[in-house]
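Two complexes follow with subunit A in common, the first pairing it with subunit B and the second with subunit C.
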Partner chain A sequence: MLHISKRAGLPAWKAWLIRGAAIVLALIVCAIVTMIVTGLNPITVFKTMFDGTLGSSRRIWVTVYRIVILLGISLAVTPAFKMRFWNIGAEGQVLIGAFATAICIFYAGKMPFFQNPNIPLAVKNLILIPCMTVAALAAGALWGFLPAFFKSRWNTNETLFTLMMNYVALQLVKFMIAYRGFKYVWSPNGTVVGIFNSNAALGSYGVGWLPEIAGSRYLLPALVIGILTAALYLYLKYSKHGYEIAVVGESERTASYSGIKVNRVIIRTMVLSGMICGLVGCLLAGTDRTLTDTLVDGRGYTAVMVSWMSKFNPIGMIFSSFLIVFMQYGAKEVASKPELGLNHSFADILTGIILFFIIGCEFFISYKLQFSRHKKREV
Partner chain B sequence: MKRFFAIVVCLLMVAALVACTGTKPAETPADKPADGLNIKVGFICLHDENSTYDLNFINAAKGACEKLGIKDYIIKTNIPEGQECYETAADMAASGCKIIFADSFGHEDYMIQAAKEYPDVQFCHATGTKAHTEKLPNYHNAFAAIYEGRYLAGIAAGMKLQEMLDSGKITKDQLKIGYVGAFTYEEVVSGYTSFFLGVRSIVPEVTMDVTFTGSWYDETAEKEGAMKLINGGCVLISQHADSMGAPSACESMGVPNVSYNGSTVKVGPNTYIVSSRINWEPYYEYAIKAAAAGEAIPADWTGTIETGSVELFELNDAVAADGTQAKIDEAKAAMVAGTLHVFSTDAFTVGGEHLTSYMADVDTDPAYTPDTEVIKDGYFHESEFRSAPYFDLRIDGITLLNESY
Partner chain C sequence: MEAVKNAVRMEGITKHFGSVVANRNVHLELHEGEILSLLGENGSGKTTLMNMLSGIYYPDEGQIYIHDKPVTISSPKDAFENGIGMIHQHFKLVDVFTATENIILGLKEEGMLNLKRAAKRIKEISERYGFEIDPNQKVYNMSVSQKQTVEIIKVLYRGADILILDEPTAVLTPQETDKLFRVMRNMQKDGKSLIIITHKLHEVLEVSDRVAILRKGEYIGDVLTKDANQQSLTDMMVGRAVSLNIDRPKAEEMHERLRVEHLTVKDIEGVKRLDDINFTAYSGEILGIAGIAGSGQRELLEAIAGLQGIEPEGRIVYIDPKTGKEQVINGMDPLKIIQSGVLLSFVPEDRFGMGLVGSMNIADNVMLRSYRRGKHNPFLDRKYPKQLAVKIVNDLEVVTPNVDQIPLRRLSGGNVQKVLVGREIEQNPSVLMTAYAVRGLDINTSYTIYNLLTQQKMQGVAVIYVGEDLDVLLELCDRILVLCGGKVSGIVDGRSITKEEIGLMMTKVGGGA
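So, the complex of A and B:
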């Protein structure tokens, strides 16, 4: 009846056509579900989604910021995935990078030098921001190094290891911001740190905040991640390291026969992954000027999906990130309109439908479905 | 492949058809200003309707907007106490909201950040403490003298205890009540102390145990907390946390319960006595009207019984003792007349002493420096120097079972 076979290779335009069709289909199913369940006009719902993400210049900026952060994390996990190293620890690696950044910002704000109102803010930040960046890179690198080291030394399971490192990072952050013992140090408000160095009456005002470029605080992360995307693309495609990663990913045996030191590649690549995550963490904490346990907000896991959906192609990730951000935050906007009368769960349903189709369509790109007919059987 | 595309095209056509027919009835123009206020309002909530705390805000928001004839308003729920709050507030301001409310303590810094960015928009933050020190013209705090409501609820609890004593259900040495709190913040301390003082105004021998859960919404922890108190000999429970945990534990154990934020009579038909709450509607109405008229909103606004901000839900006559309503009305009248002060220094002692002076930490600073004399004219002036509570005394008669939160 039904015959499934692997496709030899689909022309790129056809693959994109299928993907496009999947999105259209997803939207149609969303529309039908919306109609049946809520009785609302689906066009209104989609218009609200569009308006919520791209409806004003501020929203476009915020959307760009969300895209680049998701893109950055997706970039970070990609080398590891290409190597078939199941790094699902991006959540923790980003958070620990943000944490390291926050430590720098917080304690700098307590130092006399940074509190001195006579020293211009630019000078202070010129000193502090490199320190923040280095700290974040180091913290992320450590979080990437540990699972890789254990993997290469004792062949521990990296999926579990990286996953558990997420919780270590999360609990560390929770401990520092909400534990009563630190209440007086970190959270004058009790459960939240608030905005770092935000007391305008003190000389430390604005210390450690990443600079606004052209009046927008979201431009700097966009630039950084933009450069990173290009760099990673080149690194994976043209460098010797990139080639080694690909070989290790295909077969560790082949790699070691051909003289590649597999363990070294694993550790090196994971440290790189961790460092990029750390950098994203630094951008997050420095741009949002705060540290919360929802700062990464599951994007470390979403990035896994983005990376896979794009087949580890950094340029493809730009589109996937855009799509996912658009869906998620568009759906949130839908949930917030009282006149629509929908809540968050409905928005999640819509996101779920759309992701189902997008991921499902990859099946049709990789495999061919054939409905065999009776005639054939007779032959 | 062909068939696949045929299906896609078919579905597309169907959807187009459906979409076209669906357009007509769904549109009702919302831009008709009616005769209501022409102002766009935003509300930011920490959780959604499932939390009694947020539900209380959401209902007030809808109520106020309906009363003022405002059609153009946004309620955003599940906004954590972090950068999300800033983004939401700034987004609301950028999309035309002229006044924006947030409901959770931890939203404060993020609201202030947005307020600095949008000086033409009013930002009102419930339960916050920084407005009077930040001195931004467009950033405001609000709270209510809820300790008065707690005190009244305490009277209902006291009447119940008296009834239990009189009927021989409990003896004098069993006079101990319990309280499930969230954190050891001033708001909670002020709440359980005023409740306790209300109870003690009826039964002077009573003592109270307090346990903390470390979360505003943790049904299991609240249930366990209540069970721990009941097993420890508490014969009546009240709580300051937002789930149904404590009320349902009380119902299963047959222990009377005094609730908060909303009536929990559905969960505890045989144990629920009464509930106090802050009604935010008066503040919302006041602030929205002021913003629409371009009038200044004070840095701190404290609702009272008179403004309608402090409310008691109807007594559950099946559980409450006879004569409770009369007692409550009497105390209420005395409060409004200014003859009854909840935190009168005669009513409580700290370490065996009646206080004559106390410096409270009213102005927020990282070191928690006490800065304001709050005992004057024989009572502790709660919610006067700023709207949010600052009563943090540990008075005699109350035992804290754990203080780790």
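So, the complex of A and C:
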């Protein structure tokens, strides 16, 4: 007979030991499944995953960029979840931030000032980049504000509301991509969505691109999100706002009792969430130098998982983002190798197995299983 | 004397929760046809022990025998099959269902659902033991005592012959308690065996045949009730001699601190929860508020604390202790009240639901009242709350491994309450409101709290004490305001009124005179 009982706090190193063991177990199960199902050497598969994400310096940079974006969105959703506000609208908030950025870059590219080849690009971007950042922050803030405002005023369901806002953002982006005038400027033939201001013959070339640092365009987002991680960690742990968020999340009645204005905290926190999402959107559009409807690519939802897996600890999110990105894109790499003869579904199976173990092991960190010795005596 | 038969025998029961030992090597016997009181301080493991009998927890070690047969109880279903039924402190009823529907809920009977037949059986059970119940009444229309009746019939309906009642009297009026005890004796005569957990010693002496005592998870011993008295039981329970007197000194000076005028509160559906309440609270006085649970006590305190909207004709006036300036505080939210310099402390009824945050440590909970200090600093000052937390822990003898790590929820109920009361007193209030400040606390902690409140009173604080134990109200309070159905049934002198008179006033405005 089996009994489940709660553990009274496990030392941190033991918890990490369990998590480490879970990853090892996950890899073993993956290896067994790979051998049985495909007959391939599992080492080959793992090596492909590793090479695909960390195999070369260019790949490492791309992986870092993906981690950073996922981490940024995870940071954004964290204050809201800590407040027990079920915000699944990060997807839309990031997208609308990217959208606002794109609009800025697009219309700037049409202005004589930005087309003037005699003005240095650095000056143009010095003016434009702050504008597009502010626009992205404002757009994200609006997308965060609306569900919070309706929730506090009319007690609407935030999960449905934020989900709905995702579709609004998505349709707006789809509309703009299909909109002729918008497309025309991007690519001269008017058919393909292109890179912003990419015609080297025009004076607007390079306007709105986020600057490269040390020869890499991925370093700027990494720096921005790095600072943001530290800032959010401090904000949640040491600021009065962070304390209020924790109290509201635990009990709204306790919050009101102690004089915290619950509605104000909800709106303020969601605006903050939306603003961080907007900023990530700006980084995405400005680094990728384009806008597509798959720019965010479900990362708004993956971020929810990252945030919860790390128990809302921004530092922990660095690790979980790395893990998720490594697996997702490693799996994609596996799927893309014709010589392995595997498709994306198999990669998803591997990802699924690993996630199952990682999330499942949290159960063993909170609870322990006991086998009872009583049965024997009764016989 | 013929040999006693055991309905229940628990042998060598040990139960850990992580590193905490809730029960260690406990031996407990319940004889057939007896009423056994289980007595112990908070956190002594009474409820844990009983939960192992009713299948909610499973012992780490030890063996349970029912009617001298070894059994394994690993789920509430196993418990029912062994004839064990537990009536929990918090009722588990579906509000929109009738008594009958609640009672048969979850039963797997053969054939079609037959509510009429069930209702008939419920009637039979009620008549047999002297319950008063209407099988077709909906639960949301029931009083607490009626809900409890439904819970008891529920376990009888399932054929239980061993009943466990976890603090059944905590929410009852004296009259209802008497009724419950009559029913318990009827069940005993019918051959049932009962275990009752209660903190009220006079009830232990009144209803039980034998008393078993737990202390810090260990079984201390048992005594026949006829050989025991309140003092001997307390000493056994605490492990040393304890004084059971509440000192009630008279303050020399009394000043108006809070005046409530024509206070009416309506709920969302427009029903009056409070109807034209008028009273004044004075410094140097404990004003008791008595009433059946749900007579408007909560609304009254929350209205004063700014958490409950009131009808426009009402006024709540705070009188500043230094300047004597009068300030109308109704219409202010809690933040505004704090910012206007009103020194009001409030120990709410629902500790974790309102006054505290269970997942935070003691220092962070203490900070709830003071985190706004340093207006222009966006960051928290944790040093001051931590010092305060250490002071509270030392002053009130809170048992805790630390103040800045362990979540409050892990502490026992008594320690949690000490933290809450301690924090509110540390605000240096001019008016201190407490709602059921000793609910669920053992006798030792309860007396600590009574003494603290009296100390506050003597320091010139106006204390408002909402309580449920009439014996305590009569010993502790200078004046008692009795609520009945949201109306003031009377404000009486605590030194001269009797328990019976208050009991009558609680059920009828003006005491039926």
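Quick note on the criterion: the second predicted complex is superposed on the first by the 360 of 379 C-alpha atoms of A that agree within 3 Å, B and C clash if a C-alpha of one lies under 4 Å from a C-alpha of the other, contacts with A are read in each partner's own complex, and residues count from 1 in each chain.
By definition in this document, contacts are C-beta pairs under 8 Å (C-beta built on N, C-alpha and C of every residue); 3 or more make two chains touch, one makes a residue touch a chain.
This is a predicted model, so every value here is computed, not measured.
When both complexes are superposed on subunit A, subunit B and subunit C end up sitting side by side without clashing. By the document's definition of touching, of the two partners only subunit C reaches A:R7; subunit B does not. The larger set of touched subunit A residues comes from B, when the choice is between subunit B and subunit C. One geometric descriptor of the composite model is the angle centred on subunit A: between the Cα centres of subunit B and subunit C it reads 140 degrees, in steps of 10. Following the chain A superposition, subunit B and subunit C show a smallest Cα-Cα distance of 13 angstrom.
Put simply, subunit C touches subunit A in their complex at residues 17-20, 58, 60, 63, 70, 72, 74, 305, 307, 333-335, 337-338, 346, 348, 350, 352-360, 364, 367-369, 371-372, 377-380, 410.
Within the complex formed with subunit B, the residues of subunit A that make contact are 21, 24-25, 28, 31-32, 35, 40-44, 55-56, 58-59, 62, 180, 184-185, 188-192, 194-195, 198, 288-290, 292, 294-295, 297, 335-339, 343-344, 364, 371. Contact residues on subunit A toward subunit C in their complex (touch as defined above): 1, 3, 5-9, 234, 238-243, 246-247, 250-251, 253-254, 256-261, 370, 372, 374-375, 377-378.
The touching residues of subunit B, counted against subunit A in their complex, run 3-5, 8, 11-12, 15, 18-19, 22-23, 26-27, 30, 48-49, 62, 73-78, 80-84, 86-87, 90-91, 94-95, 105-106, 108-110, 112-113, 183-185, 364-368, 404-405.
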